[in-house]
Amino acid sequence: MDLLIIFVSALLINNFVLSYFLGICPFLGVSNKLSSAVSMGMAVTFVMTITAIVTWPIYHLILAPYHLEFLEIVSFILVIASLVQFVEMFIRKTSEAIYDALGIYLPLITTNCAILGFALIAVLKNYTYIETIVFGVGAGLGFTLALVIMAGIREELDFADVPESLKGPGITLLVAGILALSFMGFAGLIK
Amino acid sequence: MDENKSYLYDFIKGLWKENPVLVQLLGMCPTLAVTNAVVNAVAMSVAVVFVLTSSAIIISAIRKFIPGQVRIASYIVVIATFVTMADRYLAAFYPAQSKALGPFIPLIVVNCIILGRMEAFASKNSIFRSILDALGMSFGFAIALLLMASFREILGNGTWFNMRVLGSWWDNWMVMILPPGAFLTLGTIVGFSKFLQTKFKKA
Amino acid sequence: MNKKTFPKGVHPPDKKELSKEFKIEFFPPGKTVVIPLHQHTGAPAEPLVKKKDRVLKGQKIGEAKGFISANIHSPVSGTVKSVEPHVTPLGKNVLSVIIENDGEDELFPEIKPLKDDPFSYSPEEVRNAVREAGIVGLGGAAFPTSVKLSPPKEYPVDTVILNGAECEPYLTTDYRLMLEKTDEIIAGAEILKETVGASKIYIGVEDNKEDVINLYEEKLKGRSDFEVAPLKTKYPQGGEKMLIKAILGREVPTGGLPFHVGVLVQNVGTTYAVYETLKTGMPLIERVLTVTGEGVKEPKNLQVRVGTMFKDIIEYAGGYVGKPGKLIMGGPMMGISQWTDVVPVLKATSGILVIPEEELPKKKEYNCIGCNSCVEHCPMNLVPTRIVVLSKNERFEDAKSWGLMDCIECGTCSYVCPANIPLVHWIRFGKSGYIKLRKKSEK
Amino acid sequence: MKKQYASEFVLSSSPHIRNKESVPKIMYWVVGTLLLPVGASIYFFRMNAIRILLISIVFSILTELIFLAARKKDLSAVFDGSALITGILLALTLPPGLKSSYVAIGAFVAIALGKQVFGGLGYNIFNPALVGRAFLQAAFPVAMTTWVPPVVQKVVDAKTFATPLGGFKFSHILTPYKNLIIGNTGGSLGETSAILLIIGGTILLIKKYIDWRIPTGILLSVFVFQGALYIANPQKFANPLYFLFAGGLLLGAFFMATDMVTSPITPKGSWIYAIGIGFLVVLIRVFGGLPEGVMYSILIMNSFVPLLNRYTRPKILGEGGKK
Amino acid sequence: MSTLLISIITLGVLALLFAVILAAADAKLRVEVDPKIEEIDTILPQANCGACGYPGCKNYATAIVEKGEEINKCSVGGQPVTDLIAKIMGVESAATTKVVARVHCRGTEEAAKRKGYYEGIETCRAAALVSSGDKLCDWGCLGYGDCERSCPFDAITMMPDGLPFIDEEKCTGCGICVEECPKDILELHPIDENVMIFCRSQDPPKQSRAVCKNACIACNICVRKCPTGALTMENNLVYVVAPEKFTEECYGGIDKCPTGAINFVHPEKVVRTDKQENDKA
């Protein structure tokens, strides 16, 4: 049940994008097309899960025992950067189309604060190994959910008569605001 | 192009014309997250000024020794080091601020503004120019943050820098210091600045 | 009565009472007739005559070019005034044979039936005769009938449906024809059935023509190969795909034709024309049409020669009432608006409709409010509003995936749209855009 | 340069006739049916109801006008009735004792953020009235959950007065069904009288101005989901019928979720949308922190509408058949 | 001291580990891309207009490098871009002549009547679907501005007389408008070509005359006045078949054209050396 709570919480209530403000750059950048939103979401979920698998042992088995907590940031970012590079190579090899669609945003996963933020928050919350992994999947899927909803809406807004200066990031942020308002309905779902 | 521009331009471009937040839309995460109070925004801005400038100095100094393939990794290590310093400093001397900012100080590491300036400017220009650029950009960031935070704190709490500015007649708009308020404020400000930019361009 | 129908559709006011009661009158051709050489689906015919030639009634003046094309014959005897582009009801200027009518109606000597008994023709002979006579679908689409009668071998046709639905408001052409030429139509249907090797004939008639239904049920009592299928009065009941769905429950596959589900659909007027040709040897040079609308004084059903000018017909019908707003060839739902009445009747001109200016729908256009009316009524089960939005934004490939090319342009969506969006026009726009895109990518 | 014409005829694409429906006609029919709950609210809450309705409507229309003028659009669009509906709907979702200034803010946000930033009528993703209400709920959470009893009801302790749903959730007090149906209960202005809401909704259903699938789907799914819970534990969970009549469900199901612009255009999409709303309503009402969740449910499902439209294309006649 | 040591060892080991993994992955998964493609792509104007015959700038760059496509196909970038590409590819630069789109119609609202009151979507392509356009002349400009909207360079403006005006400075000759026009009125011409037929009507003279004051009525005067063979008459319409042959001897035809269908694009640029000769003609 604890695991379910962690999962639902990361997915809906404390959605990374809508309430933690993590991963806003890709959220704004890759949400203009549904297809790339899905692949971006999947890539983030994937990287996040692996990050969970890798960073937990590093922190709890290496850094904490030797009191090297101050190396947290440096080592985590190292792990993530390598992982992302690996994923990038992999996608480039396997699907030219996805690679073209994600374009410059794949390397940006490295600087996607959702990933590093997730690793840091997992440490802060003192989750167990399994909990960390579930948290990672939940947070990744939560990110994907927000991204996909936003992409759906933005594709629709392509046809709308949005005021010129609000086009693009402006309206996206406003929609995100309304989404965040509606996701507040989930508050208190889990005490 | 930049070679032809003055040193002054290196500095001021970040404030408005190439403002990292309002125009380039970089570093949105902290902009949204830490602007629920002006104090937080200031703390964040100071940290960013420190990290961006220090990293720019180091990167610019060693720019000729870094091999192309591992440059990004090297930038990150440098940045991460300074971020750790800032984080520890804040935690030690201003524990309350550190707690309020949560993971967002460590997250400066992945702030696109910083990495972006390293890649686009510091790695190609002299130390002095890099410092000017870094200062300009981080001040631009700070301006945007302050603007956001002022809006949100005044509307949401009736205060500015924890000082009461609106009378007791004011009913706090709770929503402004909640996540939706962050999105709505930033959306409005971004839209408005785009409106101004196009207006100026035409004029 | 067991009334059949298809899902969705609309009920526009049928206005058939304007011309319903008037018997078909013969209207003699005017002094000059204009025969466009391209009035059918497919390739234009090639002229066989030149200026100053004398032509006789029924003489072939245009030769079909290619498989999907149709011969053109002279409807009168007289002298060719010129062969030059002339404006047609379809919009474009088309190479036409302009004939000075001598009023003699001298028959071309070769015109005589191949056989005395129309029932003794072999299927091949029927096809040849129909092709030679230049018969095309008279319902409006003007598709060469001989092509329709030659379905590919791998698709055996088991059913013939006579289309007497006449779902377009105002028009009473098929209604009058069915009442007055009952025996000829039944005989023609039987010949069609034999030609394509079908075993069953359905006659689809909407229930606002109850007298027709009763008449045919009376006539065909005891015939197991015929069945009268009363249909609910609903637009577009007379669309081929709707008719097949309503009567047989079969769905013509997307991009397919009726023969893909073993059906031949033939308009009653065409059936009558086929029978007449086999019986008399006369090619298709005249047809029945309705001249009607609130904008003409005396609506009528007329038998006219192809090439007769709209202007003459309208004058015969008492002229315009008030200021005419729209002159339409065909019905109000799918007809083509005209800018001049100096255009000739084509083989496929089923009606001439005049809507006075004050009757024209004058509604303000709004943004689409997503009311779903078009979705709820589209007989093809499309989502017109989505196709329109995509076409509007030039996303033709996406529009295609939403069924852009499956639209039959029946007009139902535009008719019901409360926001008054010209949906059909946008869909046509989308289709032309998509075709252009395809051509470009093929290049 | 003046255009020259060769004839007086009008040229246009077919079809050449139109039926008699129009956007304003639909809108004013909705306004007309909304007069039923409006009447009820005025009866039960008197001056409060009139005050809130007036402010909400005036500010909605004013905001609409400002935006139309700023964007140099046709000002007559303000008469299409949509802003009026938003104003009425917003008022109907507000607690009767709400401060006037809050109502004005809500109306401004509803039209500005809920509708005009998307480009106006037809383009908005979220129901404008609900955006306004959600904003107020987040901005003034206390004021938005402070309820005033109907004028006609004698209540001893007005301070702790609760809505039927709140009463059940926090203190397990059931309001009698008779009161729920007639409307003699606490709650937002327009959600009290079940019977009038049903009558109004039925009129719109008969006129086909709302998609029958949506209210049907919402009410059925709430009934089924809550019914399942009720069967599992009748002590803990409310009777599904109580859930249908209490709170804003009927108002939401008939007048909010059915908003044409923000609901799916495909039949299958409408079903999923409606069932999704029903599910979320039960989820939030039963397990969430708030007693009522209709507004949030509709807003959340609004955000899925573009995706639903995209993936629920109806089967074209003859599609899948072999050539 | 030990903290420092352990830090160094930890980070060092981690770094080494990932370096090895990435190096291995790099060797296995590397995708070879010719850097020249990237280089050329950055030079190209990124208008993605398709004038070169490829769907976008990147595809053209790829085609140059991989298929040996000619380097002078980017009309948008013009000569400078061609020169730069030549440098990258290490080949001789090819000459690009600037072409611009021109309007083969002078059927202004005044000169050419409309058929009737068109009600519908205000684009040329949509109007062309109703009665094949509401201009009385089947070949004439419909005037709803599809070309103006399609131009990615803002070079086209619809004028009050109902015809498009093309700014030849801004026009890059990408040909998008040429494709967009449902009436095929626009055509690309080398910018230095100065004589043009402002009409496309192949209708018989009687008809052309009836529908448009400025139409070519196939009177043949200009062809007769031009002995060099620059012009021909075909299908009731004059064509400039050899613009380079349109020398001063032919100018008389332009002066005598009864409708102005043949004319100079830039009359101010025309230099007439022998005025006498002209006057006589």
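Labels A, B, C, D and E are assigned to the chains in the order they are written; within every chain, residues are numbered from 1.
Quick note on the criterion: a residue touches a chain if its C-beta (ideal position, glycine included) is under 8 Å from a C-beta of that chain, and two chains touch if they have at least 3 such contacts.
As the structure is a prediction and not an experimental result, all values here were calculated from the model.
Q: Which chains lie in contact with each of chain B and chain C?
A: Joint contacts, listed by label: A, D.
Q: Determine, using the mean of C-alpha atoms as each chain's centre, which chain is farthest from chain C.
A: B
Q: Considering A-C alongside B-D, which chain pair is linked by more C-beta pairs in contact?
A: Per the contact counts, B-D leads.
Q: Among the chains, which has its CA centre at the largest distance from chain D's?
A: Between chain D and the rest, the longest centre separation is with E.
Q: How far is the middle of chain B from the middle of chain E, if each middle is the mean of its Cα atoms, in Å?
A: 46
Q: Compute the distance, rounded to whole Å, between the mean C-alpha positions of chain D and chain E.
A: 52
Q: What whole-number Å value describes the gap between the mean CA coordinates of chain A and chain D?
A: Each chain's C-alpha centroid was found; their separation is 33 Å.
Q: Quick check: how many Å separate the C-alpha centres of chain C and chain D?
A: So the centroids are 47 Å from each other.
Q: If I count partner chains per residue in chain E, which residues reach a count of at least 2?
A: Residues 115-116, 120, 126, 129-131, 134 of chain E each touch two or more of the other chains.
Q: Residues touching two or more other chains, restricted to chain D: which are they?
A: 6-13, 113, 120, 123, 135, 138, 309
Q: If you look at chain C, which of its residues touch at least two other chains?
A: Those would be 336-340, 367, 422, 425, 428.
Q: Can you name every pair of chains that touch?
A: A-B, A-C, A-D, A-E, B-D, C-D, C-E, D-E
Q: Going by the contact rule at the top, pick out the chain D residues touching chain E in the complex.
A: The touching residues are 1-13.
Q: Over in the complex, which chain B residues touch chain A? Could you list them?
A: So the residues of chain B touching chain A come out as 25-26, 28-30, 32-33, 72-73, 76-77, 80-81, 83-84, 87-88, 102-103, 106-107, 109-112, 115, 175, 178-184, 186-188, 190-192, 194-195, 198.
Q: Which residues of chain A touch chain E in their complex?
A: 58, 62-63, 66-68, 71, 74-75, 78-79, 82, 85-86, 89-90, 92-93
Q: Could you pull out which chain D residues touch chain C in their complex?
A: On the chain D side, the touching residues are 6-19, 21-23, 25-26, 80, 82, 120-123, 208-209, 211, 260-263, 265-267, 309, 313-323.
Q: What part of chain C is in contact with chain E in the complex they form?
A: Chain C residues touching chain E: 84-85, 90-93, 336-340, 422, 425-426, 428-429, 432-433, 436, 440.
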